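Next come two complexes built around chain A: one with chain B, the other with chain C.
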Partner chain A sequence: MQVTIQTFIGGMSLGAIYALVAMGFSLVYRTMGLVNFAHGNVVMVGAYLASTFFLSTRLPFALAMVVAIGATGVVGVVIERALRPLENKDFDLMLIGTIGFGIVLEALAIIIWGATGHAVPSPVPVPPLDILGVRVRTYDLMVLGIAAAATAALMLFLQRTKRGAAMQAVAMDHEAATAVGIHVGRSNAIAFVIGAALAALAGGLVGPMLYVNPSMGGSLGIKGFAGAVLGGFGSIPGAIIGGLVIGVLDSFAAGHFQGYSELVLFVVFTVIIMIRPTGIFGEKTVNRA
Partner chain B sequence: MRYRYRLATLGLAGVAAWLLPYGLDSYAIHVVDVMLLFAILAVGLGLAMGIAGQINLAQVAFFGVGAYATAILTTRAGLGFWTAAALAMVATAVVGLVVGIPALRMQSHYLGIVTLGLALAFTNWVTNAQIAGGAEGITAIPAPRFPGVDLSSEYLFYYLELILFAAALAFGLFVVHTPLGRRMRAMRDDALAAGAVGAEVPMLRMTAFLVASLYGGVAGVLYAGLIRYVAPDTFSIGNMFLLLAMVIIGGRQNLVGCVVGAVGLVVVRELLIDYPTYAQVAYGSVVVLTVVFAPTGLAGLPSRIRAVLRRRAPVTPALGAFEPYPAATAGVEPSVLTVDGVSKQFRGLRALSNVSLSVAAGEIRGIVGPNGSGKTTLFNIVSGFYRPSVGRVLLDGRVISGARPYRLAQAGIARTFQNLRLFRDLTVADNILVALDRTRTTWTWRYLFWPIGIVRHDRSLRAEADRVLGRFGLADFAGIRPGALSYGIQRRVEVARAMARAPRLLLLDEPAAGLNGEEVRQLGEIVRSIRASGVTVVIIEHNMGLVMSLCDRITVLAGGAVIADGTPAEVVTAPQVIEAYLGDSAMSHDVPITVEVT
Partner chain C sequence: MSLFARRRVAVPLLTAALASAALALAACSPPGSNNTPSGNENGPIKIALVDAQSGQLSSLGAWELKGARLAVNEWNKAGGVNGRQIQLDVFDDQGDPTTGTNVARKIVSEGYIAMLGTAESAVTIAMAPILRDAKIPNITSGQSPGLVAVGSPFLFLNGPTSTTYDATLAKYLVETKGLKNIAMITNNGAYGKGEHDAFLKALSARNVTPVADQVVTADQKDFSAVLTGIRQKNPEVIFLGAEEVESGLIVKQARSLGITAPFAGGAPMGTPVFADTAGLANIEGSIVSSPYLSNDVSEASRKFAAAYKAAYGEDAELHGAKAYDGAQILLTALKNSNIATGQALADAIRAVKHEGLLGNFSYDNTGVGISATAIGEIENGKLVAATS
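And then the complex of A and B:
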């Protein structure tokens, strides 16, 4: 029982990371219809930047994160500018274009930081808390807290600010949004920057939990995307729930199936998505003839 | 002349390929052997992605299944190489069909993530499974034996690969240019419209994955025989993306382009072998540049350059006159359509409520009503795109509601679409050819065992297509893509495509929208001739002049319900119709209503 609860909490904190990644996917997708397959690699870049600033320049962890988030946002802008000609035109080509960016980012990371990667010490060196006999890592709680705060901030931005409302409008109908004077290109760029910032946050937070290496983007990106799809692609609450579910699933699969955990995770994901392609919160799409 | 030129090029390429090993050292021949494997994989991926439009990021897993199955069966089960190879092909085909199942439910990016996930699951399995040798892989796979030829020599193995590669490319090109490939391309451009012209979309998607997996299997078996060692790294996601880059840079819709992409990237990779990460930056950037600036890849460049050079205004071909159908011959029975108490609910919106109507054989029925009154929803139910929430639809007394669109198309229903759904990357002639083909997908076994039958069938289809194009006056446009044509001509192509099905019930959704006066007159003529040839016609139209002059009876819909049904003269005087069109009659009672019936 204790092991189950411990696995569950570990899965939740991993899931919070996936949820941040999934929110980035969903935000970009709903605003501009683009599935950013390079998103996982953006997470990897964020992880490297945060850990590099944290380890080599001895910045406090929080400050290192802020710098990393800013720098990663620039990467987001570059991707968005490059692929802008394809926006709202060809989904499949855009998808492949972002895969191209992913390939480039991974290679650049190898050139800059080397192929081996490095471990990041936990920024909160407190021993695990003991709550009713269940040992909980303090860092896990911190991750959950930061992820919840970031989610709340994003929701407030989308629902309470003019710029956020404009982005919601672009998500619903980009042509109508243009007609009422919203700059769709700028709105898309902002979505991409926020997506990249969320990715950097996820990357910075995941650094002390996993080993930071150039190929970490692949599995993080795919699991985050799986979370977004599971929750209902394009839905922000869906992304959070989906990310948490994938995290918990991942954690239990790792416990029960050891090396085969990825196999089990992806097969289970495929089956769920086959049964309900629109995810938990997804709108049922109607074919228009 | 052009044919002979091509044949000469092909012959030269063959001779060059045959003589190639004489000029290569042992390392270079190894590179060339690997290059051919990638070329086979790229052709398979091109067929699935470029031709059938199925995002397949599991091609490298198909490759792996073929290689690992051969390795396991030869080393663990002690089978001979060729027996193992045959079984490995079966295993790959089964895996291909399993990976293809999600394509029945999802497309585009969803399919991308699922196939990518399954590919990761495969590498995860081989890295961990005892039987697959774990991370170390399987060594000492026996060399394939062939009487009189020592296939452990990479020089001689080259010839085995060359023959299989040539066969694989030839088969791929044969598929693309014959009915199966045409249907796949139609499905890629517009899956809904493909269903409406009788293409069995689910079966076609599975076929695409099956074909892609067979190419992966061939490459995998050859890899096992060539390298005689398999390890998980070869089948990683990195190599999947490399393969994808080959197909995109070469041109995904052109199989020869895919081969060029594979050859080019393998050569570049060899040149930059000391700087693999820089090579990765380079091909990743080229992929981005390709999708933005040259979506058709290298293969599309010649035609783009030609288009730039040939800036002169092209001779605009003229739309020919419609040649009326011969009057109905005995044996062709137009259909009777009955809609029985149909309602359709979309969440909170009731689009249709309790609609009943029956259309007699050989009638022209008009359906009119204000925008949003449910006319197109009714068509979508009759043609199988929607299932009714309540009620049923009968064709000649048989219940058809709930059947898939392609089944209904095969049963004799053809339709056009309000917003034109032509296959945009197919020529006008190909658009017609897709609709003319009445074979089922199961018919495609002939591709493997009776290709002559395919060639004959294709030839007869082309002759028939020429007749259809001629009848609709479209002969001059046969080789042009629909996007380059004026709106009116596109409308006529869509009617021609629907009639190519030789339907018994034709549904026309606002066929006169966007047409000028003369084109509307011609349309009327065409529809009358279609009816006279023994087809029941149901037409949604806002052009009242056309509806009044053309239709035998008119059904008026408003707010999802039938508010009037009768001859044109009856309908225009019905008070509820006037109210629906002009507002409350109490407000307009002093306006004298005169509707001219032309």
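And then the complex of A and C:
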């Protein structure tokens, strides 16, 4: 029992990270119909920026995170600007363009920070809580809290603000949205910026849990993407649930199947997707790809 | 209109594609590669260094490069080998066997006479058949027993194999310390698999069965399930067979789950990357089997560490020292054989008796030149020779 609960908690803390990554994937997809393959690498850039500000300029962690989120948002703007001419013209080229950007970001990170990477000490040096023999790291609780807050903020933005409603409209029908005077390009830019900011949040938070290096985007990106698909690609609540499910599944697979955990995780994922291709919260509104 | 739009479309994408292509190329191709063979002439002696310069194993690659380059620079400053300068070109294998075989073909076609690296046994094993056919000697930093199993007369190791590391470690844990309650965590990569088999064999030779034998994937990030299971077995020591970063993450998570038993392992646990990832307080008391415990073991290592620090501004460690030894052996063989190539160079390497940083090298037919490691313990964040 203790093993089960502990495994669940371990899975939840990484699952919260996957959920944030999945939200970024889903937000860009629902708005533009585009899978941003550079997203994992944007997470890596966010992790580097946050840890660099935290370690070398000795900014408090929260402030370093804010600066990193802002700077990574700029990366999102750059990607969207470069891809904008392709909007609604050549979708395949746009996909390949995001892959290219991913490679460029990884290479830039190697040039700027070196290939070796660095470890980030935990910003909350409090010993873990001990609840009936189950250990809960305080930092993990903080990560879960921040992820929940970010989700709530994003949902409020999409449902309660005019700009958010406009983005929803673009997601449903971009031609009709244009007809009523919504600037589709700006809507896409905002989606990319928020997506990049979520990536930076995920990257900055995951730094002290793992190890920051130029290739870290790969596995975080794939599991985040899997989370987004599992939850229902394009759905924000789906991304949260999907990310957490992937994290927990991964954790249990590691306990039961050891070296074959990755295989088992993705077989289970494939079976779920075959049974329910739209994912848990599959939406009919997003139909642009 | 549409034509105009189309052209405008292509520009940013092309720029992105070109930039990524240029960067990818810059990462793969060696600086100043050309096709002049350097057998018996007066140009520089061309030696290839193949290591991961990008990807997850790039820390290893960076250390190896620094160690090998230090040795080459020393020789070049002293006038080269028999009056000829040494040209050390770097190739990136990305820690990937497929990339490695491509690099091997490139080395053959561009006329390199010897190769240093790689640090990843799986890559070296993939490259070995091509290098054997082309008769290009290779001094690798890998340590998997699989390297010996390849049986290539052109493949040499610049350190002991996992078998040596783990036999020494098991002997120390079981016989010197009297520990019988041992748990194991290894990963399913080439290094981890080698460590798993070698350590398990060394334990069973002493009639000890591990209380837990857990395998993780090389890319795993959360070890809650594995570690909680091990915590319930309450082992006296936990053996780790995984690369630097993963070992560090395991130790960090183990401590936060309340596991207090010390960890024991091979080379990765003596590195600064391991210490940084795990956190200094968490690695106290770790037991490490290594042929190069610290920069203070001998006069030669102090000299090496000072030169390393002067050149790169950081402290030397095992992998740099291994690569330095490997390069010294190769250059000595070149000097002794009057810059031979192919079979003659391989024979010359086998004949070298080198007093290196890791100990006294003397190669046998298996390509292993050294078969001893020492046991160290981490005290106050520093690896020191074990006293008991």
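Everything below uses one rule, namely that the second predicted complex is superposed on the first by the 277 of 289 C-alpha atoms of A that agree within 3 Å, B and C clash if a C-alpha of one lies under 4 Å from a C-alpha of the other, contacts with A are read in each partner's own complex, and residues count from 1 in each chain.
In the analysis below, a contact is a pair of C-beta atoms (placed from the backbone, for glycine too) under 8 Å apart; a residue touches a chain by one contact, two chains touch by 3 or more.
Values in this document were obtained by computation on a predicted structure and should not be read as measured data.
S.K.: Fit or clash for chain B plus chain C once both are placed on chain A?
M.R.: clash
S.K.: Applying the document's definition of touch, where does A:E80 land relative to chain B and chain C: first, second, both, or neither?
M.R.: The answer is neither, since A:E80 touches no partner chain.
S.K.: Now for A:I103: first (chain B), second (chain C), both, or neither, which partner does it touch?
M.R.: In the superposition, A:I103 contacts both chain B and chain C.
S.K.: Looking at A:L95, would you say it contacts chain B, chain C, both, or neither? Reply first, second, both or neither.
M.R.: Touch status of A:L95: first partner only.
S.K.: In the superposed arrangement, does A:F269 touch chain B (first), chain C (second), both or neither?
M.R.: first
S.K.: So, A:S219: does it touch chain B (first), chain C (second), both, or neither?
M.R.: Both partners, chain B and chain C.
S.K.: Which of the two partners, first being chain B and second being chain C, lies in contact with A:V229: first, second, both, or neither?
M.R.: Only chain B; A:V229 stays clear of chain C.
S.K.: Based on the superposed arrangement, let me know which partner A:P128 touches: chain B (first), chain C (second), both, or neither?
M.R.: Second partner only, chain C.
S.K.: Between chain B and chain C, whom does A:G10 touch in the aligned arrangement: first, second, both, or neither?
M.R.: second
S.K.: One more residue to check, A:G114. First (chain B), second (chain C), both or neither?
M.R.: second
S.K.: After superposing the two complexes, find the one stretch in chain C that runs into chain B, choosing from 59-67, 95-103, 275-283 or 347-355.
M.R.: 95-103
S.K.: Which chain A residues contact chain B in one complex and chain C in the other?
M.R.: Residues common to the chain A contacts of chain C and of chain B are 82-83, 85-86, 90, 93, 96-97, 100-101, 103-104, 106-107, 110, 115, 219, 258-259, 261-262, listed in rising order.
S.K.: In the complex of these two chains, what residues of chain B are touching chain A?
M.R.: By the definition above, chain B touches chain A via 53, 55, 101-102, 105-106, 108-110, 112-114, 116-118, 120-121, 124-125, 127-128, 192, 237, 241, 244-245, 248, 277-278, 280-281, 283-288, 290-292, 295, 346, 376, 379-380, 383, 385, 417-418, 421, 509.
S.K.: What does chain A use to touch chain C in their complex?
M.R.: Listed in rising order, the residues are 2-3, 6-7, 9-11, 13-14, 81-83, 85-86, 89-90, 93, 96-97, 100-101, 103-104, 106-107, 110, 114-119, 121, 128, 130, 135, 137, 209-211, 213-215, 219, 247, 250-252, 254-256, 258-259, 261-262.
S.K.: If we count contacts the way the header does, which residues on chain C are in touch with chain A in the complex?
M.R.: Residues 5, 8-9, 11-13, 15-17, 19-20, 23-24, 27, 52-56, 58-59, 61-62, 187-188, 214-217, 219-226, 228-229, 232, 245, 248-249, 253, 256-258, 273, 276-277, 279.
S.K.: Within their complex, state which residues of chain A touch chain B.
M.R.: Touch residues, chain A against chain B: 35, 37, 82-83, 85-86, 90-97, 99-104, 106-108, 110-111, 115, 218-219, 222, 225-226, 229, 233, 258-263, 266-267, 269-270, 273-274, 277, 286-287, 289.
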